[in-house]
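Labels run A, B, C, D and E following the written order; every chain starts at residue 1.
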Amino acid sequence: AAASLTDVMQEIAGAYEKQSRDRIVFNFAGSSTLARQIEDGAPADLFFSADELKMDALQKKDLIVKETRVSFISNSLVIVGTMIRRPPELIGKKIAMGEPSTVPAGIYARQWLTSIGLWKQIEPNVIPTENVRAALAAVRAGNADVAIVYRTDVEPVPHMPRFMVSEGPRISYPFALMKNAEQPDAARKFLAFVKSPVAMRIFEKHRFIVHPFKVQ
Amino acid sequence: MNDWSIVALTLRTAALSTLLIVPPALAVAWLLARRTWFGKSLVETLVALPLVMPPVATGLILLHLLGRRGAIGGWLHRALNVDIVFTWRAVVAAMMVMSFPLLVRAARVAFEEVNPRFEQIARTLGATDARVFATITLPLAARGIISGMLLAFARAIGEFGATILVAGSIPGRTMTLSLAIYNLVQLGRDPDAFRLLGYAVVIAFAAVWIAEATTRRHR
Amino acid sequence: MSVVLRDVVLPLAHFTLEVSVAMSARTTALYGPSGAGKTSVLELIAGLRKPARGSIAIHDRDVTSLPPRKRNVGYVPQDDALFPHLSVRQNITYGGDLDDAVINVLDIAHLLDRGVERLSGGERKRVALARALLSHPQVLLLDEPLAGVDTELRARVLEHLVRIRDEFPIPMVYVTHDLAEANVICEEIVMMEKGRVVRE
Amino acid sequence: MNDWSIVALTLRTAALSTLLIVPPALAVAWLLARRTWFGKSLVETLVALPLVMPPVATGLILLHLLGRRGAIGGWLHRALNVDIVFTWRAVVAAMMVMSFPLLVRAARVAFEEVNPRFEQIARTLGATDARVFATITLPLAARGIISGMLLAFARAIGEFGATILVAGSIPGRTMTLSLAIYNLVQLGRDPDAFRLLGYAVVIAFAAVWIAEATTRRHR
Amino acid sequence: MSVVLRDVVLPLAHFTLEVSVAMSARTTALYGPSGAGKTSVLELIAGLRKPARGSIAIHDRDVTSLPPRKRNVGYVPQDDALFPHLSVRQNITYGGDLDDAVINVLDIAHLLDRGVERLSGGERKRVALARALLSHPQVLLLDEPLAGVDTELRARVLEHLVRIRDEFPIPMVYVTHDLAEANVICEEIVMMEKGRVVRE
């Protein structure tokens, strides 16, 4: 599962293991690392990605069971650091964000900024980081004015001013069963549990946006 | 997945990887120190590569080699039904590759500093090459070799980049201290990360202390 | 013929060593000024240096291409070259078992469990001598073994060497600066100068 | 941002970091090798920490220290108006911290292997401690120290985890070979990654070769 | 009074060295069996070993707590301890400038540009002697400086030492096993045994 899902997935798995004899084994890393591992034949039953593009790539290579692919969890971007009221205020500020071509959070931020026509102007001031946490740390250390991160990454009662990006790109987490799963039946059962109301509440508790209507 | 099991896994894999690289590293170091041969600089560069390459690159190469579709991993899977990738074996493999250059360098200098005079005299006393190595060269180089083993062990504990690619970060199975700390940092759980960091420091202190005590005895 | 060097050539810093000599006596003194090439000759016999040309035979066996370990020599180097990480006991038993007779004659019984870095100069020489003697050599190569050993002990060790010479058929090549010493123990004296044998 | 500028940046920062750590590393190594003092094992552990800790953790700590609000970075910002974080200086700082333990260990063993006898005799000839160090200890330890510098340089080239945190991955400014390779790998552009990897290998080979030539001269 | 050791105590492996001696002559021979403590006495004077108790004075100056470098001694150790990474020239000029007289007497002119690992045993001794002589010492400490030097050269070096003795007011402490040698050069003989002075 994507590293950003570590806490929530472990909680869901804990709840699942209370009612089932199956044991869930996770591998947490960046989505692109996980996709790499799957392409190289690493054994995996389920893939909980933080990036639709990575899932698309695997689907194109026919590595996932297409029918099982679902995306009902989403996230949104926030700008933290100094108070921003309107996006144009970003111009001239030092902006820390995930690397805009490889890290999902950075890719989304860039998509959003491009769509509102600001990207060209702010690009020279962008500080690309390896992950969201590094962007936050840069703001705390005083070397970046703002950071563009996921809302799930900042505590609900921060001392930091924040700007919620509402019109940003759809940031969703696709889940799917792998073609060469070793225990497809058990994996299906867990995937079903992840879609259950119990799991939904856990996702919400961790500040993810849940779209239950997408679960059939 | 409690703290102790993470520490135990880390200790076990780091110690095993350090022990496993000792024989090949000493062999390579000895050849580099005591023989001149064609392509020596090449082999030396090759040995140093895991140091020079970013860990992701090393990890990717290992993944290619050790995966079920890889040259080594494929063979092991077919012949012995042993999987490497995503198991503790991959953790050990990543640690081995990353700390190998450190031990080779240290051992090489240690061998070079041994005065060949003593080896010669041992030979006049009838000792075979193997005996000369075991009773003269190795003990005289012990200080440097142990120091290199300490470096290798410390590096194994800290190993992260290659490990997460080949072994994944599977709690209870492949999640070493380094991987766990990374995960906690990612999640913003800094106090927990610092607690685990504390264990790493304690392990390092113990290793330094043991290395110190061992070399003192050897003087 | 115990040790024979035939047309042996070895280039050195200022001259080239060129030696042809047959040491047939049980004890041969190698005598000559500093830098004459005496140590070089011993190391050629021991196999620690390789001649550019020529051949070396010990007891009628050609050893020119044999490694040192198969030449069965007992070599006491000029710098004693004791193994620094081993105790005196481990040093002297490296090539063979302890022998009380040797220990007593060399007066090193009280040193056995000492580390070699805590020995005096003369003590080191005696330990080196014991180490070579205990390895059951077929020829003894002694490079000034008694330099730094005091007069009284020297007499005793010489006496012992004479006894070894008389009891066992171990030929000795004995490098020395002291003609008197050479005369006590040696039956034959080879004089060297600038890499050549000048008189036998 | 062409290949050459990446290589140049990497070479410049790695060489600078290696040179900058030489004086402090030799000082620490000498103190560890030749003096007994209270807290020695502690200092040794401290020095080894960047090896044991996962690079993210080292990077975070550096970021805290060197950031504008950090202890060191804050002072530099106020007093000299110099920023460290997200500049090439941060690249050098990360490289220094990560390769420091390697040089200290190598130099320490090298100093320990120098026979104190020669230092003693030099003192009877009237040499001051400084002269003894410069003319006896240092040259006799040169082989080990140069080998340690090679390790440190190689490690600096390969440094990734801490660098990306404190220096970011800013094309043309802080993006070293390692960071660039990582980026290409993440993008799935493996052929480009391998091209850059080739440069790293060439640099490593040159470094090995120079170290080799230097120590040969020192014999 | 050139060198005075007052109630000097130094624990050694098998006994404790306890020495009180005043070496007032310009040249003093230190004579005694192997392991008597002769080298230890020289190293105490040079400051390379620290006495457990007692005091040491050179030319009426208390040097007990002075570091070796301030004691102005010229020490020729028993193991010559030539600096292995320096050439012969760099070795002998380490403590002072070249002096042709010394070079000629010791017959080392042809060795100057050689690395020390390519010297014979006797050559090393002479280089060590030159190194000590060129450092302008106030007292010369010679630990068997002529062991391994051939008879002819030995006579010449001794002659030179006698000349140094006569020309400069440099007192010498000369460790030797050779009473004849001691008599040629020394005005006073101190005999040691098991860490004590047994006769002056």
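Going forward, contacts are C-beta pairs under 8 Å (C-beta built on N, C-alpha and C of every residue); 3 or more make two chains touch, one makes a residue touch a chain.
Computed from a prediction, not measured in an experiment: that's the story for all the values here.
**Student:** Enumerate, in label order, the chains that touch chain B and chain E alike.
**Tutor:** For chain B paired with chain E, the chains in contact with each are C, D, in label order.
**Student:** Determine the set of chains touching chain B that also touch chain C.
**Tutor:** The shared contacts of chain B and chain C amount to nothing, since no chain touches both.
**Student:** From the centre of chain E, which chain's CA centre is farthest?
**Tutor:** Using the mean of the C-alpha atoms as each chain's centre, the farthest one from chain E is A.
**Student:** Based only on mean CA positions, could you tell me how far chain A sits from chain C in angstrom?
**Tutor:** Centres of chain A and chain C (C-alpha means) sit 80 Å apart.
**Student:** With chain centres defined as C-alpha means, what is the inter-centre distance between chain C and chain E in Å?
**Tutor:** 28
**Student:** Approximately how many whole Å separate the CA-defined centres of chain D and chain E?
**Tutor:** 45
**Student:** Just how far, in Å, is the C-alpha centre of chain D from the one of chain A?
**Tutor:** 36
**Student:** Which positions in chain B are in touch with at least two other chains?
**Tutor:** 60, 185
**Student:** If I count partner chains per residue in chain C, which residues reach a count of at least 2?
**Tutor:** 79 - these are the residues of chain C that touch more than one other chain.
**Student:** Which residues belonging to chain A are in contact with no fewer than two other chains?
**Tutor:** Not one residue of chain A touches more than one other chain, so the list is empty.
**Student:** If I apply the definition of touch given earlier, which pairs of chains qualify?
**Tutor:** Those chain pairs which touch are A-B, A-D, B-C, B-D, C-E, D-E.
**Student:** For the complex, which residues does chain A have touching chain D?
**Tutor:** 32, 57, 94, 96, 99, 101-103, 127-130, 134, 137-138, 140-144
**Student:** Which of the residues in chain C end up touching chain E in this complex?
**Tutor:** Residues of chain C touching chain E: 13-14, 32-35, 38-39, 78-79, 110, 114, 118, 120-123, 126, 143-144, 147-154, 177-179.
**Student:** Can you check the complex and tell me which residues of chain E touch chain D?
**Tutor:** Answer in residue numbers: 46-48, 67-69, 71-75, 77, 79, 81, 83-85, 94-95, 131-132, 135.
**Student:** What residues of chain D sit close enough to touch chain A in their complex?
**Tutor:** That would be residues 59-60, 63-64, 66-70, 73-74, 83, 85-86, 164-165, 168-170, 182-183, 186-188 of chain D.
**Student:** Which of the residues in chain A end up touching chain B in this complex?
**Tutor:** 3-4, 6-7, 10, 25-29, 33, 36-37, 40-43, 131-133, 136, 153, 155
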